[in-house]
Every structure is written in structure tokens, then in C-alpha cells.
Amino acid sequence: MNTMYFTEEHQLFRKSLQEFLNKEVVPHINKWENDGHIERFIWKKMGSMGFFGINYPEAYGGLDLDLFYTVILLEELQKINSGGFAAAIWAHCYLAMTHLNAQGSQQIKEHYLTPSITGHKIGCLCITEPFGGSDVAGMRTTAVKSGDHYIINGSKTFITNGVTSDYLVVAAKTKPELGNKGISMFVIDRASAGITATKLDKLGWRASDTGEIAFDNVKIPETHLLGEENKGFPYIMQHFSLERLIMGVNAHARAEYALEYALQYMSERMAFGKTIDKFQALRHTLADLYTDMEICKTFNYAIAYRLNKGEYVVKEATMSKLKSTKMADEVIYQCLQFLGGYGYIEDYPMARLLRDSRLGPIGGGTSEILREILAKIIIDKKEYKPAT
Amino acid sequence: MNTMYFTEEHQLFRKSLQEFLNKEVVPHINKWENDGHIERFIWKKMGSMGFFGINYPEAYGGLDLDLFYTVILLEELQKINSGGFAAAIWAHCYLAMTHLNAQGSQQIKEHYLTPSITGHKIGCLCITEPFGGSDVAGMRTTAVKSGDHYIINGSKTFITNGVTSDYLVVAAKTKPELGNKGISMFVIDRASAGITATKLDKLGWRASDTGEIAFDNVKIPETHLLGEENKGFPYIMQHFSLERLIMGVNAHARAEYALEYALQYMSERMAFGKTIDKFQALRHTLADLYTDMEICKTFNYAIAYRLNKGEYVVKEATMSKLKSTKMADEVIYQCLQFLGGYGYIEDYPMARLLRDSRLGPIGGGTSEILREILAKIIIDKKEYKPAT
Amino acid sequence: MNTMYFTEEHQLFRKSLQEFLNKEVVPHINKWENDGHIERFIWKKMGSMGFFGINYPEAYGGLDLDLFYTVILLEELQKINSGGFAAAIWAHCYLAMTHLNAQGSQQIKEHYLTPSITGHKIGCLCITEPFGGSDVAGMRTTAVKSGDHYIINGSKTFITNGVTSDYLVVAAKTKPELGNKGISMFVIDRASAGITATKLDKLGWRASDTGEIAFDNVKIPETHLLGEENKGFPYIMQHFSLERLIMGVNAHARAEYALEYALQYMSERMAFGKTIDKFQALRHTLADLYTDMEICKTFNYAIAYRLNKGEYVVKEATMSKLKSTKMADEVIYQCLQFLGGYGYIEDYPMARLLRDSRLGPIGGGTSEILREILAKIIIDKKEYKPAT
Amino acid sequence: MNTMYFTEEHQLFRKSLQEFLNKEVVPHINKWENDGHIERFIWKKMGSMGFFGINYPEAYGGLDLDLFYTVILLEELQKINSGGFAAAIWAHCYLAMTHLNAQGSQQIKEHYLTPSITGHKIGCLCITEPFGGSDVAGMRTTAVKSGDHYIINGSKTFITNGVTSDYLVVAAKTKPELGNKGISMFVIDRASAGITATKLDKLGWRASDTGEIAFDNVKIPETHLLGEENKGFPYIMQHFSLERLIMGVNAHARAEYALEYALQYMSERMAFGKTIDKFQALRHTLADLYTDMEICKTFNYAIAYRLNKGEYVVKEATMSKLKSTKMADEVIYQCLQFLGGYGYIEDYPMARLLRDSRLGPIGGGTSEILREILAKIIIDKKEYKPAT
């Protein structure tokens, strides 16, 4: 499979990344999972290794590599079994930074994108609000122009890196009366007066901080508007393709991790006088699940290839997330079962995996919202176009 | 439905139990879930209310009520959303105490069963071992007769109430060379020298302590043998019917709880200008899941009715656990989804429910083992007979 | 299980019915399946045996037996593997005759119900129309009062026994402007001028004739109105409970038939040196499916018991049909698989079973419509009340 | 998607093929489906158009085109909704002819392959026997060398084109004592004395003839051995990759056909005052199914690409058939449902599609056998190597 998309350079990158993660990250994972907090030093280390800049312009310190380097980064982050650590990284790199890179002015990029690449600044992306995540157009946060500033009021919730990030990329209504045609994007410095954030206690992604954030008359310079006013909705939609594909790739990677772990476990665990990988019922289930994973992986790679070429793959990325996240949940549910009682124990990987994986069909657009989008494309022949 | 099996007395019992739980238990649940420990006082309170004796003989302080009182107890325990608290209670009442009551001598009953009913002593049932849970006959723990004592050596794991219980009902081999024909049951006092226990960190059932236990030359009086020597396996198998039905009932009850909570939530949560219980796709899913739950519930009641009449329902109880636990996992998975991001937050009930429910297809015989049993009954026409 | 609902008399009835079917019906089934036509003589034979009158009043020649005799009749009809023959019988007995018995005048009953019981007259129930089956209220057939007659115009389709029946129980609008509040029921003699019918070519139920019927100024006496004018919709809804439970019972019975056949086949068919019922993957699948069937059966019996007692089980009967028909389709799909290539051959029972079973989730209210009804009951707390 | 694999030439080919099929084939389909027989003239017409030679060498009259032409041929054959017609064609082109081309001598190729390409001779591939299809190594047909001839005895069943073909590619044991190491392949002329064949009555694929064949001392020249003696098993296994991918491609294509038909139907059918494609529950189901189909299609194309490059894709082709055929069955089951009662009528496409599609998980290796193979590859790390 790999030879279709992955060159030798890709493989070298994967290997060095694996070594880095095993040496620098894995020893801390349990601590971070327990504390619900990832220490700052690792951000800087990863930044200094260039991992945050792989698909960003060299002008801002990036490496400008193709999308399959990102795929590798995502896959390997899943395979150290901390959905929360992975989320913290990719929410920074691919939610917050994507907006900076695409719509930020040169000044904004120098101020936020460059230190994001080096790991000195951490970002987050704030779209969801307490009264509604699915209905993006229904958001209530406002940004009112006042002289050369905007005043932000409102609240956001479920924000990854929401408590610890240094800046926030925030969607707010500049023309509330226009619904989704009145949304704009801003970058807001954490230091701004009027921001408070509290941490949420979650089923999984426990190493990642997920915050509820209140903006109380937060005053920001007008230069912190990203792109054009009232174009926020198309920007968000456009970047969703990448986000959804990312979540699809994450899903196939953690499913693969679960399957490989289960395979190993089953080749060692004995019951009724044989290793349990000799029981036909388990063998067939495993063959089925492995196949489901391989098919999603192949699909996701094909979509990554097309996205990398510049195609607008909103339909396919939506499909990728919808199916890969469900597949991952099912694979992990069953791999936990393969471990019997040990599957239920937190010292073994499946318990955390199950908790972490369950976010897949919720975050970044629930499965129901994805089906809505697909129904519009497939049934109503709606055409989604890139923001211009 | 209820009128078919539940009398007015049953309903009164249910109501007073609900009141008790809401007043005495619910305020402590979060603490116990966090601490991984249930405080002693509640055992005594529940004992003094008679809840532990509902289906035990009056001679030992019980109430000798029909099985539908037990069904009510189980159902209501699920509906306060602590699988761990519920498990602690029913493992005591229906795993440990069932063996005492069925095979214990009068002396043993007076010494262990009576205080178990009053809540002064807590029990546990130790069958599973680190090297094998499914393959009961493969257990390695031994009990060697030496004068008027037995010497117990070996280890057990995944034992509910394994660390905090006052006595342990333990399966051990008295004739290892005979496989499942050489197993005997014992009651062992926690105070006996040579017992050590450590607590396991689990995905769910967090209020319940699950222990790994080592027996190092534990000396117990021969009178602590339960029933006859070498009859342990048939005893275990016989009591599995009740255990499996219990786990089936638990499953339909927690699914019902999840559905009722989701119904309420969905009638209040707005998206796109309406409450989300107006979206047809969600409505149909909910109708489907509710139906699955109702069908399992009806089945479980019918089996309880037959078990209560004294029928040997090994096939049906196996079916009950196999399907109800899977149904519950699926219902809860989807109810969590109905809550969107809030489903993922531990302050809302679904996260814990998902974690707790996942034990269903593992404990008390994995789904695979249940299918093995059913295949033997249905395909090979094997007849399971009660131990005599 | 059976002892809960079935007495010795029931069992004797079942046995004699089985003998009758094997002797009088089975030898003709293949012919009728090929011809798409059931010969008249068998109707008379079955009538003379009393099979059509088991739950009808003695006054009209019936036997007035409890609903479990009907359950037995339905089950045994499924087990001779002609969904079409079974449908012809139960559409006559439980669709057409139910309306006659419940809403017909004494005169109508003497003229139509009595010969229906003896098998001299065959009935059908005409609700569905070419432009809409699910939306009953949207029907277009009209009945216009003119003196002491009604004039019927319109068309019906998918009508079981639609071409060969002697009379038709027909829903038509007497007040079209009132939607479902303007529907009335009529019995129409086949001999009436202006009726034409053509037969449809179907995937399954091939022994049964399914007709498209046109009413062109059909003039019928006003006495052929069943019950009150404009009460047709509540009548239909009320009788749906029985119809849906019937379809649920049919489903569990044909699933059981498929499973029993597969069990036998698998105990004889060899592959890789053993009978295929030794392969664990097949064994587990079979155990799972058998369990699904048993659970539906237990549910259906419980609902039959309550319906027999006079409870209004619209929710439960809807659940019965929704889940049992899906279960049957899945069981049969997989049982066909167990036969390998032979499953695909019409000389073996699974091919026809698959074709016949597929009607389950469509006829008598599609699964989607059933979910709509359940959603209204469960989510909107809508109460369906019996017609008064 | 297409642009990744399909050039403009491919698209032109597809268009001209579609026109051919619509003009020359479609008008006869219903007749052939009813008669269970495909008339000879169409074989010759298709041969003269070059369709049978697209991936065969020019030396024998072929066009030597890449595998995506074959993919197009397969896809378009599915989209005229006669699984039987399609099967007759591809069993000829890709089961029988693949063996001739790969292992036939030049003389055999001239005598059989060339007229197969022109459509003057029709072939079939005979592996399955009445006593075992899955267990290929257990076959009982023998080929005994006698001078410069072989004498063939035994029987085969379920053979596509088994009654009407002009030659038969047959697996038989030359060294029965060696199991799968003693199988050889032969081409046998229909005219040979001692061959009898009878036609089977099937659930679907009704236009295709499926035959049971008896070989009674059939004498064939030794030159009709294909390849080397006792290498039949590896030859069969090797060619299975193509066969299984073909069946995967067929499956995604017929699923796509079903979905497109349903989309069209649903955009026209009214219920409750709107077109049924406005009901969210149906929309979401359709979006899900469409996605399943797209993902399988993308996977199948990726595997075709690799097979075309000469990779040995036994694992991937097995995955393709396993999942695509199940997906197709599920898609078609549900698309039939979308049509309501019309789905059950043979004049509408879904009934036949359902019947035809059901063969997918049986023919060319049952799903269970595919899981066996995958389990060996994934769990036991077995490596399948091409025959040398």
C-alpha cells in the first residue's frame, strides 16, 4: 500500500518521529493523562524538531512538506496511545494554525504562526458554544467594531487547548442579523483582559485540556481579524475538509494500533490449552475488523492524495471521518473484548483507547451533521465550493 | 408490562427503595466513584433496611421474597448510575451469598450469611485467576487437606469486593488431576493469615474495588468447605444462571436509564431552532433502541418468572446476558451521541454509563463463552442439569 | 417456554394442524408457487377443518378460541415454507375477516363472515393505493353516497388475494376534505360491476396473488358500509395491532424454521473432513441468531398474551413487527449462507424463504412508518386509543 | 475520483460500451432472465466488438489493454441489471479464459482462446463439486493418464455456463493421494464423449445457466493439460485474486446502480405531501450507504491499480470481495426498502438486484473461506506466493 504514496524520505521521517516519541514523549504520557496537563517542555522540543511546521511555509519556519508527512505525524501520534496528547498537538497544528496560515496577515503570521511552529506559542480554535455546536450559524458570540478595535463578548466551550493555549482563534458574529453570513474569525491573545477559562472533566482525551471560555468585553486590535469580515463561515467550512480527514486518519491509525496490540496479546494468552488466536470465532472477527481498518486506511490515503493535489474534497473528507471514526470505535470495542478482563484494566491500552476513540463521532462535526452534509451533496446535489 | 409480574407490593417496595437510594446513596456516589471505595456505613444501612436479605431464608434474617423483588433491587441500583456501587452490592448478595446459602452448613450460614444480610460482613466470589478466566477448569489454586484443615495456595484476580470484603468464597482444586471434576468451594475469612490483596485500576465500575488476591499457605478449617468436595464446578455452573440473568437485568435497566435521560435531554436541547427530539433521524434511532431495550426487558422478566418457579433456565439466562449486555452497550453508545459534546463530559451521566456498561460482555462469562455454551445446547443438544 | 402459554389442548391442535398441512397442503405447494395461484379446493378443506374460524364467534360458525390457537396456526403456516400460501390464508382470516367481524352488521356477517369461515368465500383488505401506501390518510379512492347506494371510484394496489377473492373490504373517502377523518370502510362484492384486477409479479409470496384493482363507478348498497361513516381510519389503526403482531409471529416462526433446517443441514454437510457444524465461527453465528429468534418469540408470545386479555398493545405490536421481521431477514440471510451454493438453489428452502421474508419490513406498515409511530409514542408521549 | 485511474480513452470506451449494451443487450434481458438462457448471437456481437479480448494478448486477437478497461466492462455489465448475463460474460472472460491464457500452450490458445475472444466459443471453469466447494483440496474428480490421453471421471456442480459452454476448464486429481498437491487443470471439449450436464434452478443470476456436470470416462488428449501436472491448486489460487477483485468490483457497481436508481425514485415518489427524499431518516440512511459504496469503490480501484502493476494482491483482493459483496447486499436490501411495495415487484429493478446480489458472498469462495484466508495472512503471517 505504502509504496503508492510513501517515499523513502517519508519512511525515514516516520522512523525518526517514532524514535522521538518513544524517547521523549512516551515516558511522560501516564503522568500527563493523570494530571490532565501536558508540560510545556515537550511543545518546545517538538517545535525544535520541526514537527509543527511540516506543512507550513518556510518563510515562517516551516518545512513545506507534502500532506503525507502530516499523515505520518498523525498516525504515529495515535500509536503512543494518548488521544489527548495527540489532540493537543493536532488541534494546535491543524485547527488553530491552519486559520493563521490561510487568513492571517504577514504580521499575524510572524507574531503567531512562527512561534507556533517553534512550539513557543500554543493555539486553539474556538467555534463551539454552550448553546450549540452543530449549528455553527447559531453562535452568539459577538465582535463589535469600535474604532480600530473589536470588542468580543460571549462564551465558547469544549475548546481543545482552551485553558493553556497562548492565543485563541475565535469565530464571532460581526453581523448577527446575517446568520452564517455574518461570522468573522479573529486571533485573540490570551493576555487580553476579560478572558476566563475553566477546564472540563472528560471521558477521554484526558491529557488534553478542554476548556470552557468566557469573553467579557475583550478588546482586540482590528488587525487581529483573520481574512475578510463576515467570511468566517466559508473559512471554517473550507478548513473542515482538512480537519475531518485528520480525524479520519487518526481513526484508522488508532484502530490499527488496537489491532496490532490485540494480535500480539492473542498470540500469547492461553485458554483451554491453546493461544486464543487459534479460536476460529476470534480469528474471523479479527480478520473482519482488520479488513475494515485497511479499507478505511486505503480510502483516507486516496483522499489525502487528492487534497494534497489541491482538490476540494469536502464530500470525501466528510465520508472519511464519518466511517473511519465509527470503524475505530467498533474495532476498539472488540479488541478490548479480546483481552477479556484485562481489557477493562487501565494498565492495558484498550481502556484508554476506548475512552479516547469515542470522541471521534462527536468532535469536529457529529456523525449526524456529517450525514446532513452528505445528504445535501448526494441527494440535493448541493455543491460546496472553496471560499474565495 | 409490569402488571404481568409486579404486584402492588412490588411497586411499594420499588418506591421505598428509590427513596432510600436517593436519600442515602446518591449524595455519596461521586465521592465513592472518585475514591474507588464505598464507605462501610452504607452497607449497614442497606442491611438494616433488609435489602440484602430479600431472597434469603427468614431463618437467617432474610425476607424470603420472590425473585421480582430482586429484579427491582437490581433495576433501581442501575438507575442511580454507579455500576460500581451496584456491582459491589450484587456481587455480595448474589455471587458470594448464593454459594453460602445453597451449600453452606448451618454453622457457616449463621457465621457468614446472617451478618451478610445485616450488612456487617461483606463477601466476594473468587473464581477467575490471572492465567485464565474463561477456562474455569484450568484454575491453578489448590486446597490440600491436612488434618482437619485445608491449605490454600494460588492467586485470583478481577475479584469484585476483593480487597474490602470480610470473607471470600473461593474455588480451588482439591483434585487437580481431575480438571473440572476436582474443584471445591470454600469460604475463607479475610483474617486468615497469608492473604494479600491489591486493587486494580479500571475503565469503569470505579466505585467498586476489584482485587487481585494471593493465597500463600492459607490454613482454613475443613468445615469451611462448601457442600461436597469436588462438586465446585457444578455448583458454579448452577449459580451462573442467576448471575447471568442478573447481569441481563442490570443491562436492560441501565439501558432504560440511558434512554430516559436522553429523552429528557433531547426534549430540552435546541439546535437549528428546534429541540433535537424533532429530528427524524434521531427519532427513528431512539425508537429503534427503545424497542431493543423493551424486548430484552420482556425477555428477562419472562426468564425471571421461570427461574422463580424453579425451572433450570441455563440456556435462557445465557441468552439474557449475551444479548442484553450488547444491547445496553449499543444503547448507551448512541445515547452518549445524542448529547453531543456533553456526552463526553463526566458531569453528565453518559460517560460513566459507557465505562460501566462495557463490563457487561466480559464479567461473569464473556460473550464468546456464552456463545460456546449456547452452541453446545443448540447444536450439540447438550443438556445442562442442575447439580444434585 | 411453551408451558407458560400453551396448554395440552393447544399442543393437540398444533399436532393435528401439522398433520393436515403435511398431508393436504405440502404436496401442492410447489405447484402453487409456480402457478402463482392457490387452488380453491384447499380453501374449502381448511374451512371444513375449522381453521378459518378459530378466533371468530360460534354464532357465525367459528370456534371462539383464544389467541394462542391463532399463534399456532400462523407458526405452522410458516413452517411449510410458502410465505405466499400463508399470506393468502392470514390476509383472508385476519385482515379481511377482522373488519367484517368487528364492524359488520349481522346481515353482513351472515353473508360474508360465515362463508369466510367455511372457506366458501375468500376476502381481501384494500387500503394501499398506487400513489401511496404509507400515507393512509392520503388515499384518493372515493365513496359517494347516492340514494341508498355508494359509488366507489379509485384504485388500490398490492392487495393480497386481490384478484381471486370473492369480496373486498375497501377503505374509501366519504369526506375527502377531512383527510383521515373522512375515511370509511366498505365490503364490496367481487361480482359488482366496474371492478377490474390485474396480478403483480413479485419477488416472493409467489403462491399468493397480489393485485392491482380499479373501481370504476362501482355501485354498492349502503348496507355494505362497515361500522360508522368516517370512522375508517380508527378502525384500520385498531386492527393494525393484530396485523402487526401476526407479522411478528410469522417472522419468528419462519426464522425458527430456517434455523432448524440449517441445523440439520450443517450436521450432515462435510467440509475439510468434518461436519460444518463443528466450525466455531459458524457455531457462534448460529448461537447468536438462534438467541435473537428466541428473544423475539418470547416477546411476541408475551404481547399475544396481553392482546388476548384485551389490552391495547399498539406500541408492543409495532415493536414486534419492527424487530421480528428484521430479525427474520437477518437469520434467513445467514442460514442461506450456511448452505453455501445450495442456499442459492430453489430446490432448497432458503432461496424461497429469503424472497418471502423480505416482505416483512414492507407490508402492513413499513419499518420506517413503525418507527414513526413508536417515536410518537415514546418521544411525543402520544397515546393511541382504541376506536370506540 | 475517476481522474486518478481513468484516462479520456477509458471514458470513451465506457461510453461506447454503454451505448452497445443499451442498444444490443438491454432489449433482450427480460427474455433471457425468463428463459434462463442467453442467445448465441450476443456472444458473437460482443466478441466482434472486442469486449472479450480487452486484457488478452494481441497475438490471439486481444487488445491487451490495462485492467481499468476490465473494470469498466464489469461495472457497466452490472448497471444493466442482469447479474446472470454479467456472470455468463465474466465467467467466460475471466474464469475460463484466464486459465487458458496463463497456462495454455500456443496450440490450446489458438484453438480455444482465440475463438473465445471472438465469441465463437464459450468457456466455463469447473472446480466446485457436489460434495464440497469450499474444500477445493477435497475434490474427487480424477484424471488418469493412459497413453497419450487422460481419462476424466467425476462430477462438478454450480458451474456457470456449465450447460451451454463449448469447452470446460476442469480441475481434477492426477495424484489423489497428495491432496491439493495432486490437482491438475485441463481444458475439455464439450464434444467429448461422456459429458452430461443439467441445469439448476436458482434464486438469482437467472439469465445465466448454472450446471451440474458429470464426467463418465471422458477421454481427452494429454495436450489438454494446462500448465504442469499437479500444479492446479497454485494456478487456481493465483487466479482467485483476479476473480475476487472482479466480484468486488461487480459488487460496488451494482450497489452504485441501486443507489442511483433509489435516488431517482425517491426524488419523484410522494408521501405525506413531499417527495420521500425529504425525510431525514431516509436521507441519513442513504448518505451512509452511499458512503459505504464509495469507500469500497475507492478501495477496489486502488487494488486494481496494484494488480495491474503486477503486484500479488491476494490479501487485498480477498478483502475486496469480502466487504464489497456484503456492502452490496446491505445497500440493495435498503434500496429495495426505499421503494416500499414497489421494491417487491419484479417490474422494478430492486427485486432482481436483491436476488442476484446474494450470490456475492457465496460464489468464488464464501465469506467464511475468505475470512479463513485473511486470518492466516493476518494472524498466522502466512505468505501466499504466486505460482511459479
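Letters A, B, C and D name the chains as they come in the text, with residue numbers starting at 1 for each one.
Criterion: contacts are C-beta pairs under 8 Å (C-beta built on N, C-alpha and C of every residue); 3 or more make two chains touch, one makes a residue touch a chain.
The structure displayed is predicted, hence computed values, not measured ones.
Asker: If you tally contacting C-beta pairs, which pair wins, A-B or B-D?
Answerer: Here the pair linked by more C-beta pairs in contact is A-B.
Asker: Report the inter-chain centroid distance for subunit B and subunit D in whole angstrom, where each centroid is the mean of the CA atoms.
Answerer: Chain centroid spacing, subunit B to subunit D, equals 52 Å.
Asker: State, to the nearest whole Å, the distance from the C-alpha centre of subunit B to the C-alpha centre of subunit C.
Answerer: Result: the chain centres lie 42 Å from each other.
Asker: Using mean CA coordinates as chain centres, what's the subunit A-subunit B distance in Å?
Answerer: For subunit A versus subunit B, the centre distance works out to 39 Å.
Asker: Considering subunit B alone, which of its residues make contact with at least two other chains?
Answerer: Those would be 279-281, 283-284, 368, 371.
Asker: Considering only which chains touch which, label the overall pattern as line, ring, star, complete or other.
Answerer: Per interface graph, the chains form a complete graph.
Asker: Under the definition above, what is the set of subunit B residues touching subunit D in their complex?
Answerer: 279-281, 283-284
Asker: Can you list the subunit C residues touching subunit B in their complex?
Answerer: Residues 1, 4, 263, 266-267, 277, 280, 283-284, 286-288, 290-292, 294-296, 298-299, 302, 305-306, 316, 319, 322-323, 368, 371-372, 374-375, 378-379 of subunit C touch subunit B in their complex.
Asker: In the complex, go through subunit B and note every residue touching subunit A.
Answerer: Residues of subunit B touching subunit A: 128, 131-135, 138, 157-158, 200-204, 270-273, 279, 281-282, 329, 333, 336-337, 340-341, 343-347, 351, 354-355, 358-359, 361-363, 366-368, 371.
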